[in-house]
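Have a look at this one.
Chain IDs A, B, C, D and E follow the sequence of writing; residue 1 opens each chain.
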Amino acid sequence: MGSRGSESGAAIALRGVHKRYSAPDGVIEALAPIDLEIAEGSFVALVGPSGCGKSTLLRIVAGLEPPSGGEVVVRDRARMAYVFQDAHLLPWRTLAGNVALPLELRGEPRSRIDAQVAEALAAVELSGFADSYPAALSGGMRMRASIARALVTKPRLLLMDEPFGALDEITRNRLDERLLALFGAQRFTVLFVTHGIFEATFLAERAIVMSRRPGRVVHDAPSALVGERTAELRGEAAFAREAHELARALERGSR
Amino acid sequence: RRASAPSGKLRVQLDWVPEPEFGGLYEARASGAFAREGLEVELVGGGPSTPVVQLVASGGADLGVVAGEELVVARARGVDLVAIYATYQSSPQGIMVHASRGLRRLEELEGGSLALDTGAPFGAFVQAKFPLSKVTIVSTDGGVAKFLSDQRHAQQCFVTSEPVAAKQAGSDPQVFTAKSLGFDSYANVVVARGEALRGGGDRARAMVRALQAGWRGYLSSPARANAQMASLNRAMDAATFAQVAEAQRPLVESDDTRALGLGAMRAGRWKALIDQLVAVKIIGADAAPKPEACFVFAT
Amino acid sequence: MSAKGSRLAGLLLPPAIGLLVLLAAFELVARLFFAREAYLLPPPSAIAKAAWQERALLASATLSTGRAAALGFVASGALGVLFAIVLASSRLLERALYPYAIALQTVPIVAIAPLLVVWLGVGPKSVVASAFIVSVFPVVTNTLAGIRAVDPALRDLFRLYGARRFAVLTKLELPHATPSVAVGLRVAAGLAVIGAIVGELVAGFAEHDPGLGIVVMTAYRQLRTDLLFAAVACSAALGIALFSIVSLGAWLWLRRWYSGAR
Amino acid sequence: MSAKGSRLAGLLLPPAIGLLVLLAAFELVARLFFAREAYLLPPPSAIAKAAWQERALLASATLSTGRAAALGFVASGALGVLFAIVLASSRLLERALYPYAIALQTVPIVAIAPLLVVWLGVGPKSVVASAFIVSVFPVVTNTLAGIRAVDPALRDLFRLYGARRFAVLTKLELPHATPSVAVGLRVAAGLAVIGAIVGELVAGFAEHDPGLGIVVMTAYRQLRTDLLFAAVACSAALGIALFSIVSLGAWLWLRRWYSGAR
Amino acid sequence: MGSRGSESGAAIALRGVHKRYSAPDGVIEALAPIDLEIAEGSFVALVGPSGCGKSTLLRIVAGLEPPSGGEVVVRDRARMAYVFQDAHLLPWRTLAGNVALPLELRGEPRSRIDAQVAEALAAVELSGFADSYPAALSGGMRMRASIARALVTKPRLLLMDEPFGALDEITRNRLDERLLALFGAQRFTVLFVTHGIFEATFLAERAIVMSRRPGRVVHDAPSALVGERTAELRGEAAFAREAHELARALERGSR
């Protein structure tokens, strides 16, 4: 386990990774042994029933949780960003202060921070709230701030745990598109946990579906959709087919 | 690593706040007696917990004021302190009871409680010499409130202090002095490090002369020194200063002082004290200091 | 070694090593800098010797003081939490009374010793009262802060379901405040011991069943510095014992859900 | 009344009324139960009279003690937080040292008086040191608890972005612990005052002003109970002043984001 | 403002209710004056862009937040349940303990509580986790527990703030159907904030769409869907039309 790149050039490689938690009554098998490679510069969606181990998998990739066994190889861990399932903002900092945090931690000079923060806040449509404290924001606004905090670092590897779950469809679609644009321009690697089948279909080049706990991979296929992903895509038949495919896989995994 | 007086200046550590028991010191300073002897003296007030013995022994002060029994205990523990001047010729301590109990001797004390200064030799002496029946020994808090509110309470006291306060409050204190109980000790003793006295101790001799002059002056006219001390210790009023100054006179003057001069000491009396402390097991017989080593300048 | 055994070792070894290191440092300092002034700071070896010689006295004194400190401590815990609950029940009451609770802490015990003695008599009761008075304030302050810090959303939840004041207290405020109460009790542990010692000096028995305060004072007056420090070590041990009980209790109680539990 | 004025009134009125009620109760008790024993508990009116007569003495004594208490308090705040930071840096260090920090609190000042005055001299420095020793432990304990209670998810966040230890400390642990530090300082406020008073009994006073400890002691010995209680009131006022400064500071600092701020 | 029933027999009646928050820089107008009546026994969905005031509106209805002006009349406030946007579980209670809370507060006898709690946990598919503490659960599981806590009270008025936002589509659909079944059987009143257009379409008899902050009602129409709402409904053309309608309204409100 380490951050040296794998020989295959994959951004993330898991080999036999599994996870057990000890609970009051015995152990909880959260992840069954998983083998997974994620190519550099790919956009992968991770779908699965609630409690199946998606967050656990992400935390293991990020190095926040040691696996109970197996090997984890992650390239570019130094330039990784993570959007947690909850916003987890620092309550004593304003939104701008929260978004600036990763840059400060990286030692970026003050002068350059401000512009980047403003840009990231604009990307999640929170420009007017730079000086508000988290307590004075709606749930969706807090979540968006935490997305801005991840984007501001211009990561090479982006791990997102249901980032848009608390957002209305319109805002969500808009952010989906903005994320794709960013992805197109910078070609970082994205591992994206979502509950939205349409969202997964729209965003991902490859979708992975996990089974109920203990989580196994029950479906792993590249997207059949070709060409640019624009808003119009959502209306096309191929999109519907692809989404249907995914929904069936999820249904299988949820049984 | 330790605070010390600048060379030349002598620092005297008192074991209490400025009160009449230090009258001679302040008078010596005010009258220029120290200066006439070529001494520059700093008087440092203390509190009820000031560790005078340790301060002098470790060089934090050049001289200190302690009770006679404290000096003996210190020497028994291997601390080389030597007395140069005994301000009080006998201990100011005593046991205060309510006169209404009609006691003629302390042995008759029965029942009730007796407050003793915890761990102090005088208290241990009283306990050892007087096997008081059914008396509860408690620790004293230094005040007289319990004495006032409890007719069956007795307590250790300084004859110049607690009985005065109790009387002022309308109570009827009767005092058995330490001396009358057989506890024979010098008090308010000025001590110095033994090593400082080796090689003649000229400055110490000069100190003793200045102290005698100071005390002579204070005994004849305490007003000036009292005023000075009162300006430092503003919690005690002028009347009390005068009262205490008068009350302590018999402690300062004795047959010995009339014969030998103020502050005088005799080896025989130190021996008596040492024997008493051995008898009540505060010091071991093997560790008991020699009486002659306890003091210099019998004058 | 079994997992349980090694866990226990992990729990007990560090403080044991810490103690050894502290004692070694202490011994070194005492021997190097206070060789000729053992009356200021005797080396631990000398203290240990004195402690062994006077073990009977120290044991009974520790027991006596320990009893009073423990009782005062328990009273502080119970009444401190109670008082905090009263203050927490209204912002007005808190503003009106809380600042004055601090007076308790700043009053020298000697100043109220006569009152204590008149009300409670010379002896254990007054000593317990002194331990209580000295140690109650941190319990009040920490409990109050713990209650005040309850997540407003959880208060909303209780309001929504029509919870009575008492239910809010027992099912929300007190559980949430337990970590804070534990912190207050940790501070109170040491204070209860020193409170008992001070209490003994102004309102305790000197003769039968003397406590550590009496031993400390006696040793101090008679310049038996080794015994003095032995008694101080006993009082520290009492404080550490109370502290450890609180810590253990808090850990057992909180570890299931509180990430800050140790 | 302006909104600001009425808010200020709302802030100051309750404690003022609380004081009046307490004083009235006190007066009643004193007059009813201690009429013939005013030397035990004089009524506030008598205390006030004595305070007025001795106002010069009390003012200078309060100033003298206040200075030492404030310095000791500041030292407790600074060093207490520092020590907590050191302990928080490793579970091992905490286990090894934390229990012994409590020894500081259980040691009667008189036991270490010789060390204090030999090192620091008879005078203000020893008084400050005493105030510090007595008041530092609650700061350590509360700060440590505050740091330990940081949300593990936020720690993850900092870890993720490669935060150095120092950044975790200054940008996460300390901001999160501020409410706890404030609680520790509230407790330390009163303890610093009593620590200074006890310290004065050790250090006495040289040519400088006698502090409240000396006034308490002499007034007590001379049965001037009204002056004694006046001095006690002054010491309580000092404690309340320090306490209020902490509370005000905490409120100004925390009100923007901390729901438990008052 | 009070809980006396309105003359019209509505479960909830708002008249000119608006809300201002004071912020560091001036006031934030969260809700523009709103008039709204919600009939007893109806299922109303509330949709709107993030930060538009949906949670605020719900809190005002629940009596948790005083409106800055206007009149609020709520019937049956005593038998109301609320699912917050975040789970807000008591960390020191197990799941079962958390779900039992409202019953305990109501003074229900212990003997009857256990069965009800087990039933509610089963309804959200958490039967196996009765004795787990919230910290050991996934985000979606925590949210489901908070739904169980609301359902266990058998409320007459149910306020739900994006209850299923953190759940995967399959679980979500299953819970949607279960909620509808419950609703069909007991006919309580539901005010349901959601980001899912399909969810709103599937569930609600009436959908309200709010505009961006300050929130106004931009669309308020009864559902055109008739008959029973079964899983099959999602495939029908009428359903798609209805959803499209709602999406357009939301788009209007988001501008």
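What we mean here is this: a contact is a pair of C-beta atoms (placed from the backbone, for glycine too) under 8 Å apart; a residue touches a chain by one contact, two chains touch by 3 or more.
The structure presented is a predicted model; accordingly, all values stated were derived computationally and were not measured.
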Can you name the chains that touch chain A as well as chain C? D, E
Taking each chain's centre as the mean of its C-alpha atoms, which one ends up farthest from the centre of chain A? B
Counting C-beta pairs in contact, which chain pair ranks first? C-D
Please work out the Cα centroid separation of chain C and chain E, and write it as a whole number of Å. 49
Roughly how many whole angstrom separate the Cα centroids of chain A and chain B? 82
How big is the gap, in whole Å, between where the Cα atoms of chain B centre and where those of chain D centre? 36
The positions of chain D in contact with two or more other chains are 37, 39-40, 110, 114, 118, 151, 213, 217, 220, 259
Chain A residues counted as touching two or more neighbouring chains: 24, 86
Which residues of chain B are in contact with two or more other chains? 1, 54, 58, 141-143, 145, 149
Touching pairs of chains, which are they? A-D, A-E, B-C, B-D, C-D, C-E
Please output the residues of chain C touching chain B within their complex, sorted ascending. 33, 37-40, 110, 113-114, 117-118, 122-123, 200-208, 213-214, 217-224
In the complex with chain C, residue positions of chain D that touch it: 11, 14-15, 17-19, 21-22, 37, 39-41, 91-92, 94-97, 99-100, 102-108, 110-111, 114-115, 118, 137-138, 141-142, 145, 148-152, 179-180, 182-183, 186-187, 189-191, 193-194, 197-198, 213, 216-217, 220, 228-229, 231-232, 235-236, 238-240, 243-244, 259-260, 262
The residues of chain B that touch chain D in their complex are 1-3, 13-14, 16-17, 42-51, 54-55, 58, 60-61, 141-145, 148-149, 161-162, 165-166, 168-169, 232-236, 240
Quick one: in the complex, what on chain A touches chain E? 21, 23-25, 28, 47-51, 54-55, 85-86, 131-132, 136-141, 144, 162, 165-172, 195-197, 247, 250-251, 254
Complex contacts: residues of chain D adjacent to chain A: 151, 153-154, 156-164, 167, 171-172, 175-176, 178, 256-259
